[in-house]
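First chain written, first letter: the chains are A, B, C and D, and each begins at residue 1.
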Amino acid sequence: VSIGAGFVVIAGPCAVESREQVRRTAAAVKHAGAHMLRGGAYKPRSSPYSFQGLGREGLVYLREAGRETGLPTVSEVMEPTQVAHMADEVDMLQVGARNMQNFPLLSALGEIDKPVLLKRGMMASIEELLLAAEYIVSKGNKQVVLCERGIRTFETATRSTLDLSAVVVLKERTHLPVIVDPSHAAGEARWIAPLAKAALACGADGIMVEVHPDPQNALCDAKQALTPAGFEELMEQLDRLAGACAARETVTSGPSDAGHADVLWQPVGW
Amino acid sequence: VSIGAGFVVIAGPCAVESREQVRRTAAAVKHAGAHMLRGGAYKPRSSPYSFQGLGREGLVYLREAGRETGLPTVSEVMEPTQVAHMADEVDMLQVGARNMQNFPLLSALGEIDKPVLLKRGMMASIEELLLAAEYIVSKGNKQVVLCERGIRTFETATRSTLDLSAVVVLKERTHLPVIVDPSHAAGEARWIAPLAKAALACGADGIMVEVHPDPQNALCDAKQALTPAGFEELMEQLDRLAGACAARETVTSGPSDAGHADVLWQPVGW
Amino acid sequence: VSIGAGFVVIAGPCAVESREQVRRTAAAVKHAGAHMLRGGAYKPRSSPYSFQGLGREGLVYLREAGRETGLPTVSEVMEPTQVAHMADEVDMLQVGARNMQNFPLLSALGEIDKPVLLKRGMMASIEELLLAAEYIVSKGNKQVVLCERGIRTFETATRSTLDLSAVVVLKERTHLPVIVDPSHAAGEARWIAPLAKAALACGADGIMVEVHPDPQNALCDAKQALTPAGFEELMEQLDRLAGACAARETVTSGPSDAGHADVLWQPVGW
Amino acid sequence: VSIGAGFVVIAGPCAVESREQVRRTAAAVKHAGAHMLRGGAYKPRSSPYSFQGLGREGLVYLREAGRETGLPTVSEVMEPTQVAHMADEVDMLQVGARNMQNFPLLSALGEIDKPVLLKRGMMASIEELLLAAEYIVSKGNKQVVLCERGIRTFETATRSTLDLSAVVVLKERTHLPVIVDPSHAAGEARWIAPLAKAALACGADGIMVEVHPDPQNALCDAKQALTPAGFEELMEQLDRLAGACAARETVTSGPSDAGHADVLWQPVGW
């Protein structure tokens, strides 16, 4: 799998809930054509009384499901002391929106040799996202993938406001690949397909979406999870669209504008 | 021309500056495949010292250019007393973002028999946009087209933040057609094409873009105007994409949720 | 009454609902020490199905109540054609937040010889507020009072986010008086007193608050209306504070920075 | 010193830059009447190329300056592994806005017996701030002080938009003390005094402001630092105001509304 050289789809449950749940999801998304498997083991929840994830046990289940299906895995890391063991368990480490400016975490991720998926903070400017990437890259790890996942605005109809313009601006300012997470932005499963297609059409390098075998009983983000059937339908729609976008214009890109000399593009992959 | 039954492209200069300028633009956008011609005669400018538009003279030039090319025209109306003569001159009357909650203007537009293009205010919620449409529709004029044109957020890299989720939500809540104005949202000509394609991919019924024969010397919004050549390229990209989107899923729609019983879809056209 | 030379309190109902209601409110706020009486006759409501105000009849009741109590009156004007008769009926014409960039209205107000209360739009920058004032002042009417009333942000605990920094910045950039409307910003009667005191402490020239003899049965904005008793208590608290703020530092002010040469301070009054 | 039982002023440099700098600042703010000394040793900077603080060395200088002047100290902690040694060096540990939802850090702070100053995130709702406090309190550390420091909005005239309504709402929803940081909100030294007075007037339990002996040469946040003379003037203005606010109304408070049963007020102090 290479991110930055084709449209990549990352799918899986918000949280790993059990061996069985992640296994079933992995099989389903693999079948439908996903390229990577996501699943949270450490969950940053607004309330201390919400489900906080299975921790190391969750990572084991995720790795097993990834191996069974041949899908590389991605999972969220929440603090510097988790970096070492997560780098052993997963193929790409994710920095969540709430940690985009957790600088000790970013620095620690700059010292490993695994790709990092850096999500934009809910109120982070494009400039700040690039500077956060620079924390990782300047420490030596050049394998950074950026992710637009919606920003916080006055509009409450959607969970966040997906800022697809950011994809366009980022593709101009940096060589790093840029993917889109429509699930967290929309907050409603039925709005994900049109936004995923829009992400493809505006030049994103991929999407990350939440899929759950039984959304109604999901332990987190139940409303925004696609069913396996819904995900399959999305993949078909994306396939049709991808053809029309195939002759994609080469994006003119240069170094970004705030002295981020290191944020140079190279395909991130395995 | 019917809005709501195919992807419609409205193009033209921000402001009508001269007979020659609008004529040249009209010929160019017609040649490239545009369906309607836009051009401002009354311009709502933040500063009283900026160019305020040619007024009635501008409407005459716009109408002439529309007739020569066979393109229906759209132009912005700023106050109730302009409604009558504008309804004589143009085919669709536009309410600008700053006037989305100018209720006397909306009510006046509810009493004519011409389509109205209602732009979302920069800080208007989706609910408020629907209620603004309801002012027009409840007075008897059911020909309303909604337009997402970017909302105001903390991000300053783009002029506004284009909220394509709003298109998705609106298509679910109302039967009214929804178009997108990527020019005002992006504020930069080179970002318009990817956003226009995203608008098509997520289910919008059309776009409105600014085209100027000589953007560098435009009297307003110079940075965001496409050249005729840039517009032609955009149309080609949209054509390729439209095929892949053709088998568009029927949008399940019902009445919107705040008692807007009248906002029922019907193709708006001529 | 002079605005800009002491702390001025404008109070009254959101909407004039009846002769009796505005009369009772006027007597109560006069008794508690208010300097001016407010009351809406034309109401800009988000929904066309909400109470739209009593219109001219409301203006008559407001004027009567003002005369009985000796309080100058202020009421909202919604369109250019209302300017002439409102200038006959009320002492100060208010431009609501939704109309801050209704340029034909601003221009019409620039041609009368009555003070104008210009409320900041929910989405308007400080710069845009000054430019809106410039529309009025550049036409010849220099009697403009600015009003901060809360801006729209992601926070939903309050109706809007009161931006008291704007008062501080405006006092530096313009000579125009600046007042604060804590009622619309807070949206809850019990939060108004502390915000009104903060407005006084940071240098505002006054406040405008909603008072209703029977808030529970108010036809609009019921939750944010103070009772006469609540208003009296607020006035006492403001009086205590005003002493401590009396030795107010002279605000260093110069012309604002975008060529608003005309926005020069002079006390606005009768 | 007790926070929550009188108006407390915390002052000091953004960053500890040298033994001499923090010593001079401490002497000056003590002389002017400050109650606590602030100073950053670990600095969360948007860019990896900005000054990152003196680290442990800075903590030593801060402690020395605090002891010389008898001022308790507060400094920012950035990650869980710093908590233990910082708890030895400073009297109150600060969580910065970017770390408000760094849950492992909050949990670690829940297990020490030192007060925690929790700053509201730039994008955090009032509800989320309370839930973040709940992470600390639910682990056993009930000494939490909340700090409003400005939220991110569309307005760019100020660095952030100070949300004083949040103080009012928080005082109603929680028993925890609430202070205000006008320095980061305003971003300009000359705007701090009026905002500090507004904070006092609306019921805040204190303020935290940046003071530097030589702002022009400060290594961070130079524009917003008060000079010692400016700080002295501010203290005099606050003293005058405090008298008028002394007879402060007892705030009616109850448990906050999302099951934060533990967030009960008790004075936080030494």
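We take it that a residue touches a chain if its C-beta (ideal position, glycine included) is under 8 Å from a C-beta of that chain, and two chains touch if they have at least 3 such contacts.
Since we're looking at a predicted model, the values are computed, not measured.
Enquirer: Count the smallest number of chain-to-chain hops linking chain B with chain D, moving only between touching chains.
Expert: Minimum number of steps from chain B to chain D: 1.
Enquirer: Starting from the Cα centroid of chain B, hunt down the chain whose centroid lies farthest away.
Expert: Between chain B and every other chain, the largest centroid distance is to D.
Enquirer: Quick check: how many Å separate the C-alpha centres of chain A and chain C?
Expert: Measuring from centre to centre gives 48 Å for this pair.
Enquirer: Using the average of all C-alpha atoms in each chain as its centre, how far is it in Å between chain A and chain B?
Expert: 34
Enquirer: Per the centroid of Cα atoms for each chain, what is the distance between chain B and chain C, given in Å?
Expert: The computed centroid separation for chain B versus chain C comes out at 34 Å.
Enquirer: Touching at least two other chains at once: which residues of chain A meet that condition?
Expert: Expected reply: 123, 152-154, 156.
Enquirer: Can you name the residues of chain A that touch chain C in the complex?
Expert: Residue list for chain A touching chain C: 123, 152-154, 156.
Enquirer: Help me check something: in the complex, which residues belonging to chain B touch chain A?
Expert: 123, 125-127, 151, 153-158, 161-169, 172, 185-186, 190-191, 194-195, 197-203, 240-241, 243-245, 247
Enquirer: Mind pulling up the chain C residues that touch chain B in the complex?
Expert: On the chain C side, the touching residues are 44-49, 78-81, 98-99, 101-105, 107, 121-123, 128, 131-132, 134-135, 138, 152, 258-259.
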